[in-house]
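You will see two complexes here that share chain A, one where it goes with chain B and one where it goes with chain C.
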Partner chain A sequence: MKQGEPLLQVMDLKTQILSRDGGRVVRAVDGVSFELQRGETLGIIGESGSGKSMTAMSILGILPEAARIVGGQIFFNGGNLLAKSAEEMRRLRGEQLSMILQDPMVSLDPLFTIGSQLAEPLRLHRSLSGAALRGRMTDLLSAVSIPSPEMRLHQHPHQMSGGMLQRIVGAIAISCDPQLLIADEPTTALDPTVQAQFLDLLEQLRDSKNLSLIVVTHDFGVAARLCDHVMVMYAGKIVEKGPIREIFDNPKHPYTKALLASIPDATETGNRRLRTIEGQPPDLSQLPPGCPFAPRCPSVVARCRVEYPPEYEIGPDHVASCWQVYVQ
Partner chain B sequence: MTRILLEAQNLRKYFPLGRAGFGAANRPMVKAVDDVSFRLEEGTSLGIVGESGCGKTTTARLLLRLNDVSAGRILFDGAEVQTATGRALRQYRNEVQAVFQDPYSSLNPRMRVRNIVAEPLIAQGKMGRKEIRDWVAELLTVVGLDPAAAGRFPHEFSGGQRQRIAIARGLSLKPRLVILDEPVSALDVSIRAQILNLLQDLQDKFHLSYVMIAHDLDVVAHMCDTIAVMYLGKIVEMGTSDAVSRSPRHPYTQALFSARLPARPDGRPPRIKLTGEIPSAVNPPPGCHFHTRCPHAMPVCREIEPPLVPVGDDGRIAACHLLTPVARRS
Partner chain C sequence: MFRYFLRRLRLAVITVIGVSIIVFVASRLSGDVTLLLMPQDASQEELAAFRHQLGLDAPYYVQYYKFVVNIAHGDFGDSLRYRQPAIDLVLSRLPATLELAFSAFILSTLIGLLLGIVSARMRGSWFDYAARILSIAAQSMPSFWVGIMLILLFAVQLHWLPTSGAQGLIYMVLPVTTLALVPIAATLRITRSAMLETLDADYVKFLRVKGLSERFIVWKHALRNALVPVTALSGLTLGFLIGGTVIIESVFAWPGLGNLMIESIFTRDYPVIQAGVAVTSVFLILLNLGVDILFGVIDPRVRFD
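This part shows the complex of A and B:
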């Protein structure tokens, strides 16, 4: 299946956050490795604090000030991103690497028109101006299905709905034909029917522009809709990764299984109780030894509390880190 | 014979736009809630679903009397709520409580958990200090928290634990009806299931009735006996959870259910694609409000608003010309 060099290669990435007094170290991303092929869509699934967004921010080089990458390597197109200067990264972002964040009201500046915000990357990276710039901008807005684009260019964000704003963020993200688009909870702020429309759009952009996509989400439904492969994160580690169908039909890690079982489904009838994962996610600055899921795991064994399990291969491309899988 | 605990009769809430003053009589109105009626049997749950701007939260606010109705009546246990004053209103506010979406903003960060949960009891003034302390400890145990945590502040708790605190506060006055406004949408998937199970246990234990407002169809269908689907201030379909989720009849309900993202790569029914977004409630489209996005819109839909009528024999009602024999003939 794998041909040539992957577009993105993350190896043993470790990102830590220092608490304000410097006393505590939060291991937000703790030894994450994965590859992304060209044209592939990868989902990163996890709950808050699992490290999914920090993984995305580490790749993009937009970590908050208190966070730093303390280990590992990130290769994009063969080049080591961690060896690049801030200026080189800035040039890469918006041009080859691009992103869509959760809330369009936060990503867009309320004081500037849609036109001026869409023009910024095109001026910077493509040196467009005048009629060429205008033409490119209306093309982009049409590509994300914004009706009457000329009029919209003169409007401000408050004059549009949330769904439309997220489309504009999408237009800005693809304006310079990036190779990799990272979408962090791209539809969480949208209503269901609008969310469905936006996921259609992402799919269509991916196929027509030959984009590679990383979708960061807490929602298995979103991942099922878009992704070829998913990885499930817990406490800064990848606990399971594999082809989307494998993860859904044949989940192996107890955390993945429990998460899937805890989602209510309207089409199931009868008043059944949801399966829950007891307890709370761990404090990332005081991780227990061994597997961080052990305190909540229904099938925990003594070894789990001592030693972190290695990755076991379950099938083609499907791996899970769990001692129980090893026993089986 | 089950009794009707809550009844809404033709509720309307119109918000005027712009400034009051000269010529204000002709101000445009946002019809946030427009002729909404439903009944809730004691001990059961009603779920109100819809997208932002459909009026579901305004409906909840009307039920809590946080806003006054523009027209229509709310009956609680047979008594008029809107005109209640003094003792009767205090009584209503004891019996109807609310749990809100965001446990980060609905709990006062400067109050200890003990005081947050006890505040309604202190305001009510019927219990002594020792009694209150014991009841708070019991409430915390009931919602799955350690009573020893009563002296801590909200920031020391996770989101799921905070929602448990909010639920304990909601139950402190032993209400009969709890309004749940998006109670789990701010929570993580694994925590969401814990809270939904807790709400079900509490309902059984205290014989509670719920009105649950949510945009997540799966959550509402899981929790509620009856579902009402709202669009632009109106109920477009209402029926038992099973019936509505298994065979939605109104085109909007059908589209909403088909936009669900079930957590499986297959088994997704073909999606009914809606174009455009929800129109403004200031100038809702004439006729059926949904006709601008409806895949089955007919000429009659642009002119005549369809009435909410019984469809089928499962006690369901829906407002769509496709479902009324008169329009189908014309």
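This part shows the complex of A and C:
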């Protein structure tokens, strides 16, 4: 493989969800393109229903039954994931591609011990058994700072706290040293004190294992902690992407600006109301022509309602899709 | 797990005591036994003497105490019709009933689970619709009618199977089928919905993330999770089956406890009725204790408080 080739390259990905009667098509992911370099961390930011998680599930090939990838390409290590059979994808999952889900309390099967659930990928992908398997499992639990791992292996999920479970889920996700780890809202279900610990852990795992990381989040704080680059999604489209500092210091898309403005500021005094974005996220099965953010946009112009804006380059690696940027 | 077992056992003992009180009270609610047993022209003195002889003139708590002591010794009194210990009669008929009930239970659990899993895996297919429609039909038809229809079709018209009696395995086919239909349907439906719910759960998504095969996920994880509600149902199913044999046995002239109970009710052979009710109750309580323990084995969350 060539040096400098990105680990993951998503090109014009389109994922749709068919409603049960088959009548309505929800464009959950609508022409998303991005690249992820080895060892890099990319943040996908957006509100619920913006297509962040669907993008992640499309990459892993674990979409719900009603969802279909209808267009685009996903290159991983140079091979097109969408051209692979279900069986080939299954063998990649857990081995080279892995994921941490949002809620650790429901990510593990309540009826099986931690040990048996941690052993599954190691048996499957690494053919470990016996003492080697046990040794690897205790090492993994130690790596995610679980005290007395030997004992924990014999316990069930309900005997553990949320923070501990998320670390165990993390240990399972990285058990076979994957090249790409997707963390889907990894801290949303955790207490604030535990959130910081888990972010530390993710950072440490990424650096020690040379993982490439995609962090799906609605929290700019999480993105700022971990990410090199971020992309902001709205209604299944990427509206702006760029290096994290650029996005923070020089946001161009009105939606990015509005998201940044809605972060509560701890240093501010007085009783200012939290700033929100007016209006509702659009119905993805009945998108208006033009820019989907237009109905909520403070700087909307006539053209926004007619035609979707192309990507404009603002700086190195920094692009935004907005007619306002074009005007400037 | 042991403490969980002790808790369940304590509950079982309390239930047995409750049952003994109900049997005791119910048998005394059905009217004055002496009037039934003595000749119609017996004098008040004769009746009083007979009551005293049976101990029926003692205070209720004394009567209950004696009743319990006798039961503890396995003494339910003699059958009024057969002139032999009621408990012996009941125990001699019990195996035939259990044969029917357990065969139907095993059959319904296996078939119900299998069809439920296939139905869930093929959701929305013709098989799924057929299974659901047939199971609703099976649950809405009264079993005595189903029994008679099966006799009409397979015994009277086709001559494939005997109409009634109990002279070998072939005689069990129709009664067991009749008895199993409702629990098959119930097990199918609960397995299907539990399976669908499980396969939709986040932890199944995470199992897929690990790269496990769909077959492995279904047969190891989803099945065990689906077994939790199915196990809960099986306690009810056993009760339904053992109670249900009363009707099925009289339809198929099966020489079991159910038939004996119906005869005894018609002839007011109340020691036999009491013994029958007590034995089936205790038996069901023990079975449910077994189900509770199985619950603890399948679901670790149940074992802890």
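Note that the second predicted complex is superposed on the first by the 322 of 328 C-alpha atoms of A that agree within 3 Å, B and C clash if a C-alpha of one lies under 4 Å from a C-alpha of the other, contacts with A are read in each partner's own complex, and residues count from 1 in each chain.
Quick note on the criterion: contacts are C-beta pairs under 8 Å (C-beta built on N, C-alpha and C of every residue); 3 or more make two chains touch, one makes a residue touch a chain.
Keep in mind that what you see is a predicted model, and the values were worked out from it rather than measured.
Peer 1: Once chain A from each complex is brought into register, does chain C clash with chain B or fit beside it?
Peer 2: Overlaying the two structures gives chain B and chain C room side by side.
Peer 1: Can A:67 be said to touch chain B (first), chain C (second), both, or neither?
Peer 2: neither
Peer 1: Can A:158 be said to touch chain B (first), chain C (second), both, or neither?
Peer 2: second
Peer 1: Between chain B and chain C, what opening angle does the Cα centre of chain A see in the overlaid model, nearest 10 degrees?
Peer 2: Placing chain A at the corner, the angle measures out to 70 degrees.
Peer 1: Tell me which partner A:244 touches in the superposition: chain B (first), chain C (second), both or neither.
Peer 2: A:244: touches chain B, not chain C.
Peer 1: Which of the two partners, first being chain B and second being chain C, lies in contact with A:54: first, second, both, or neither?
Peer 2: Touch status of A:54: no partner.
Peer 1: Name the contact category of A:90: first (chain B only), second (chain C only), both, or neither.
Peer 2: After superposition on chain A, A:90 lies in contact with chain C alone.
Peer 1: After the superposition on A, what does A:225 contact: first (chain B), second (chain C), both or neither?
Peer 2: first
Peer 1: When both complexes are superposed, which of chain B and chain C contacts more residues belonging to chain A?
Peer 2: B
Peer 1: Thinking of the overlay built on chain A, is A:107 touched by chain B (first), by chain C (second), by both, or by neither?
Peer 2: After superposing on A, A:107 lies in contact with chain C but is clear of chain B.
Peer 1: Nearest CA pair across chain B and chain C in the overlay: distance in Å?
Peer 2: 8
Peer 1: Can you list the residues of chain A that touch chain B in one structure and chain C in the other?
Peer 2: In the superposed arrangement, which is not itself an observed complex, chain A uses no residue for both chain B and chain C.
Peer 1: Residue numbers of chain C touching chain A in their complex, please.
Peer 2: 201-203, 205-213, 221, 224-225, 228, 298-301, 304
Peer 1: Name, in rising order, each residue of chain A that touches chain B in their complex.
Peer 2: For chain A paired with chain B, touching residues are 47-48, 161-164, 191-197, 199-200, 218-222, 224-225, 244-245, 248, 258-260, 262-267, 269, 271, 273-278, 280-281.
Peer 1: In the complex, go through chain A and note every residue touching chain C.
Peer 2: Residues 60, 62, 90-95, 98-99, 101-103, 106-112, 120-121, 124-125, 156, 158-159, 169, 172-173 of chain A touch chain C in their complex.
Peer 1: What residues on chain B touch chain A, complex-wise?
Peer 2: Against chain A, chain B makes touches at 51-52, 158-161, 188-194, 196-197, 200, 215, 217-223, 242, 245-246, 255-257, 259-266, 268, 271, 273-274, 277-278.
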